[in-house]
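The structures come next, written out as structure tokens.
Next, two complexes with chain A in common: one pairs it with chain B, the other with chain C.
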Partner chain A sequence: MGAWRGLILVVAVLALAPLGLPPYMMTLLTEALILGLFAMSLDLMVGYTRLVSFGHAAAYGFGAYCSGWLLINTDLSLPSAVFVAAIASGVLAIGVAWVCTRSTGVSFSMLTLAFAQLLYAITFRWTSVTGGSDGLAGIPRRPGPFGLTALTSKTGFYFFVLGLLVAAFLLCRQLVNSPFGAVLRGIRENEAKTLALGYNTRAYKIAVVALSYALGGLAGALYAPFAGFANSELLFWLLSGQVLIMVIVGGAGTLIGPILGAAFFMFAQHQLSSYTESWAIYFGMLFIFFVLFVPRGIWGSVAARLRRPAADGR
Partner chain B sequence: MQLGTLALLLTQTANVLSQTALLFFLGVGLTLIFGIMRVVNFAHGTIYMLGAYIGYSLARVTGSFWVALIVAPIIVGAVGVAFEAGILRRLYGRDGSAFLMVTFGLALILGDVVQIGWGASALRVAVPDLLSGVVLLLGEPFPDYRLFLAGFGVVMAIAIWQVLERTRFGLLIRATSQNPEMARALGTDVQLIRSGVFGVGCGLAALGGVLASPLVTASLGMAASMIIDAFVIVIIGGMGSFVGSLIGAFLVAFVQVFGNFYLPELAIAFIYLIMLLVLIVRPGGLLGKED
Partner chain C sequence: MALLECEGLTRRFGGLVAVSSVTMQVATGEVRAVIGPNGAGKSTLFNLINGVLPPSAGLVRFDGEQLTGLTPAQVCQRGVSRTFQLTALFPEMTVRENASLAAQARDAQRWLPFGGGAVFHRARAKADAALERLGLSHVADRPAGLLSHGDQRLLEVAMALAQEPRLLLLDEPTQGLSVEETQQAVETLKTLLAGGELAVVLVEHDMEVVFRLAHKITVLHRGAVIADGTPEEVKADPGVQAAYLGDFADAAD
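Entry: the complex of A and B
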């Protein structure tokens, strides 16, 4: 019950944020929520199934290009374009996962990286669809089907993102606490044993990768109309590395942690870069500090301290 | 006409060999580090860049490219040893994500150090006088420097191979790579081997950076593009395999040179496609063990 109360409190505070925060903070917050959704989607793979993807930018960038292209070239409304892009990412992921799950460990990571870089190279060359190195620019936020013009405003779009993040969080939470989630944790702890218990672990892995990509694609699909552009940077390995770090800094395998990690990443980068030119130095030191002194991540450490012995377990 | 085509083919092949040499220095360091430590060094591209910049300054101060070629890798190698001893050493036994984060952090720090120390503009290193001429290959001019690179690459590859196969240090490296616990139980100072290999790996990347600097201007964008080349090389060849990194470097160089010449549109995508195919057929890379 405490968890529900906490969740409602946080969502209420976030819902009231537009009243008190200046516009530039709202822009940052919107981006933080989008990145939070992206990081949470990766947590399904990394934190719950120990499928460490080095190529999660593939989901984000693919989703962004899809929704951007749909919004520029078709009459689809913002919600439909975002939804279609998310589904498309999930479908793409089935193919990616089918190949990648033939391997495990570092090989799996490298295969996901190879796929993401392949997409990156394709966007560079398939100029007629992707806009080449310029990317897609001027992506509109087209109003919804029922005259939902509210979504086109900054605040309206913020609520749209917040609503989707909460829905995705509830979905993921439900999922990881279900029997399906138990199998995922079984794969994480000991895949051979889980397989021996009669579970088709590869099918489970493909399913979780598909869901993870769909949600990551959703985040990217939101980013395109948020920023108004989509470019190949969104598919670059650097972003894959960054999102993985968001997950780890926040606390892998906690769902909430990666969202916090993404917000922390965003705001720390923003604050540091406004104080000093050489923010990357401090940022780098911060990562090293986290690894040495906060190995469980932000939420992992907080949760461990909050947890009473009796309340242990899920 | 016939001779012209042949000459073109010959110069392109020479180009592939010199490019292979550059990529080999980058890849072999990464693969040695991975083989010994199971660490995927995300800072490798930045280390390469650091080598190029330090080499630039040394060449200016001393007036000799050759001094830079020897001293820059030693300095960068020392940075690598310090990083291993100061930070990585505390993390063995943790999962891979810890190494990802600290090496990523190191890449950010060094990237900024380079920007503060040398500024954001790209720097050009002059080709050493001795090698600034051209040779004629079947009538086609070909830069001496690239020919030197190809030769130097072959010499260094043989040297590294001999060190790994013939010396006690090489034996201990291979032993630690195969089974660190057993190596430790037999009295090897595994800690020292790890420091040494990390330093040597970083030094080799820096060597590649110095060698590349007369051909491509040293710039901040170097790091991000080189790290991915390095990954592709060791993934194709098999992580931890010395010969694999040589084959990987050759394949990537081949696609870069011939691809850029005949199919510039598809060259980049083609490299990743090869990497995917190799991984699908042999998940551990051509000569690697599946993990």
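Entry: the complex of A and C
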């Protein structure tokens, strides 16, 4: 199938990237993949279920603090710490989702934001665990017991991130194409009708929020050992807003789009910030341009164009 | 024994009694119309039956089991499907996807988070059968939002039917249709209901539609039942005639 061939091609190119790119580009690319995972996790909620979270940084920051704390204070290896942090984010999200899904629309969004701000505030109070305003620093990448030392090098870590992103993408893709995914689409288009048809819509929403937070937490859990630190900025509303922009610019409801959106955001930020202090203003204008003129986002528009000639040919 | 039994069903909204001590039965194979002017409490009665609203008093029994206290989703799982007075569809999905999602709701594996080829296959077969019965096969691949209003009303019925219910609640299925569309819809519904395997409650404004489809009629007035019987009995009822000033006589035959 064309989709599989495209996926294999992209993964092959990304896998060969360390051979050709200078180290600082590899650092940027690694961060872009981590952010891509983060944005893709949000797409499950925003693009597929129309549950707009204004506080998705909660997942990212929580995952980052979790894996950072585990790597500093326990003997857990890098993969185990990352895995535990992702699961913890998902479990936490069940509680969050249980509360937030009591309301819909803007109040849902506000509750997710409130929850992220709550975590943000906690980092300044529970300083013995979070390191207060300094955050957690000097987070090591500890090799595992199975000789997984390769994962801790710069290139090895890149492959670790790439592997997890591909696995998460495949997981999400089969989810959105499953019967469960069909129900999510129903909730997106008409929740009241979906409920009337006999679906317990709240249970579906809680499940998708939990998975979304778990994958967002996984991204954060990767960021902490990538950067070597975790601080309260990872829970701040600014990041929640930025990841929402990545999803919309890349193309909500496409999974691939948000990954592209994250990469685009990363590189645009990198390029713009080397020219001007006020790069955020230019990025804001770029965002407005997309909302007005490319509402389907980068990948949404590309995919629509790819699909049309293919449909005619058949 | 009746499939659906409502006993002393009452619902208050503040000081307003929207449904007042309604008792009625519907048996399998029977089409019962519920009629009454705007605001008589017909839609509220549906909301009480399928669990959208809790009753202030009284209860609903379905096949001997009490429905009161169940959620709409749970009521639907037991075999009660309904259509809405205001068309409610998934506008960006195709007509077939709409019906298929409706059918999937009664599948034991409706929530399967991976694969699901068999689930989709079963749902699609039921969807296609329902679309066929409503004469919508030729628009199956069109987005539901692009259908004519008349076809959208029929799709509502097809979606309910794709769930293979035992009790079908139809809330004004011909609302907003032109005269020709109504005629067509009535013909389609008549063949549909002739099968006899369904119990149907039909809320309708159009008296002609009611007299052509219903075996029994319940007349609501300000939430209360003022008449209950065959179409002939109801037409002859002096209380009904007083309440409706001979509207029914005009519509008869």
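The criterion applied here is as follows: the second predicted complex is superposed on the first by the 308 of 314 C-alpha atoms of A that agree within 3 Å, B and C clash if a C-alpha of one lies under 4 Å from a C-alpha of the other, contacts with A are read in each partner's own complex, and residues count from 1 in each chain.
Heads up, the rule we're going with is that a contact is a pair of C-beta atoms (placed from the backbone, for glycine too) under 8 Å apart; a residue touches a chain by one contact, two chains touch by 3 or more.
Since the model is a prediction, treat every value here as computed from it, not as a measurement.
Overlay on chain A: chain B and chain C fit together in the combined arrangement.
Set against each other, chain B and chain C touch different numbers of residues in chain A, with B touching more. Contact with neither chain B nor chain C is seen for A:L165 once the two complexes are overlaid on the shared chain.
Contacts of A:L111 after superposition: chain B is touched, whereas chain C is not reached.
In the overlay built on the shared chain, the residue A:N190 is in contact with chain C alone; chain B does not reach it.
In the superposition on chain A, A:A93 makes contact with neither chain B nor chain C. In the superposition on chain A, contact is made by A:P295 with chain B only, not with chain C. Contacts of A:I245 after superposition: chain B is touched, whereas chain C is not reached. Touch criterion not met for A:L260: it reaches neither chain B nor chain C.
In the superposed model, chain B and chain C sit 80 degrees apart as seen from the Cα centre of chain A, a figure rounded to the nearest 10.
Measuring only between alpha carbons, the smallest separation of chain B from chain C in this overlay is 15 Å. The contact surfaces that chain B and chain C form on chain A in the two complexes do not overlap at any residue. The part of chain A that touches chain B in the complex is made up of residues 46, 52, 99, 102-107, 109-111, 113-115, 117-118, 121-122, 124-125, 236-238, 241, 244-245, 248-249, 252, 278-281, 283-288, 290-292, 295. On the side of chain C, the complex with chain A involves touching residues 50, 52, 71-73, 76-77, 82, 84, 88-93, 97, 100-102, 104-107, 109-116, 119-120, 159, 163. Residues 38, 40, 42, 87, 90-91, 94, 96-98, 100-102, 104-109, 111-113, 115-116, 224, 227-228, 231-232, 235, 239, 265-266, 268-269, 271-273, 275-276, 279-280, 283-284, 290-291 of chain B touch chain A in their complex.
On the side of chain A, the complex with chain C involves touching residues 174-175, 177-183, 185-186, 189-190, 192-201, 204, 207.
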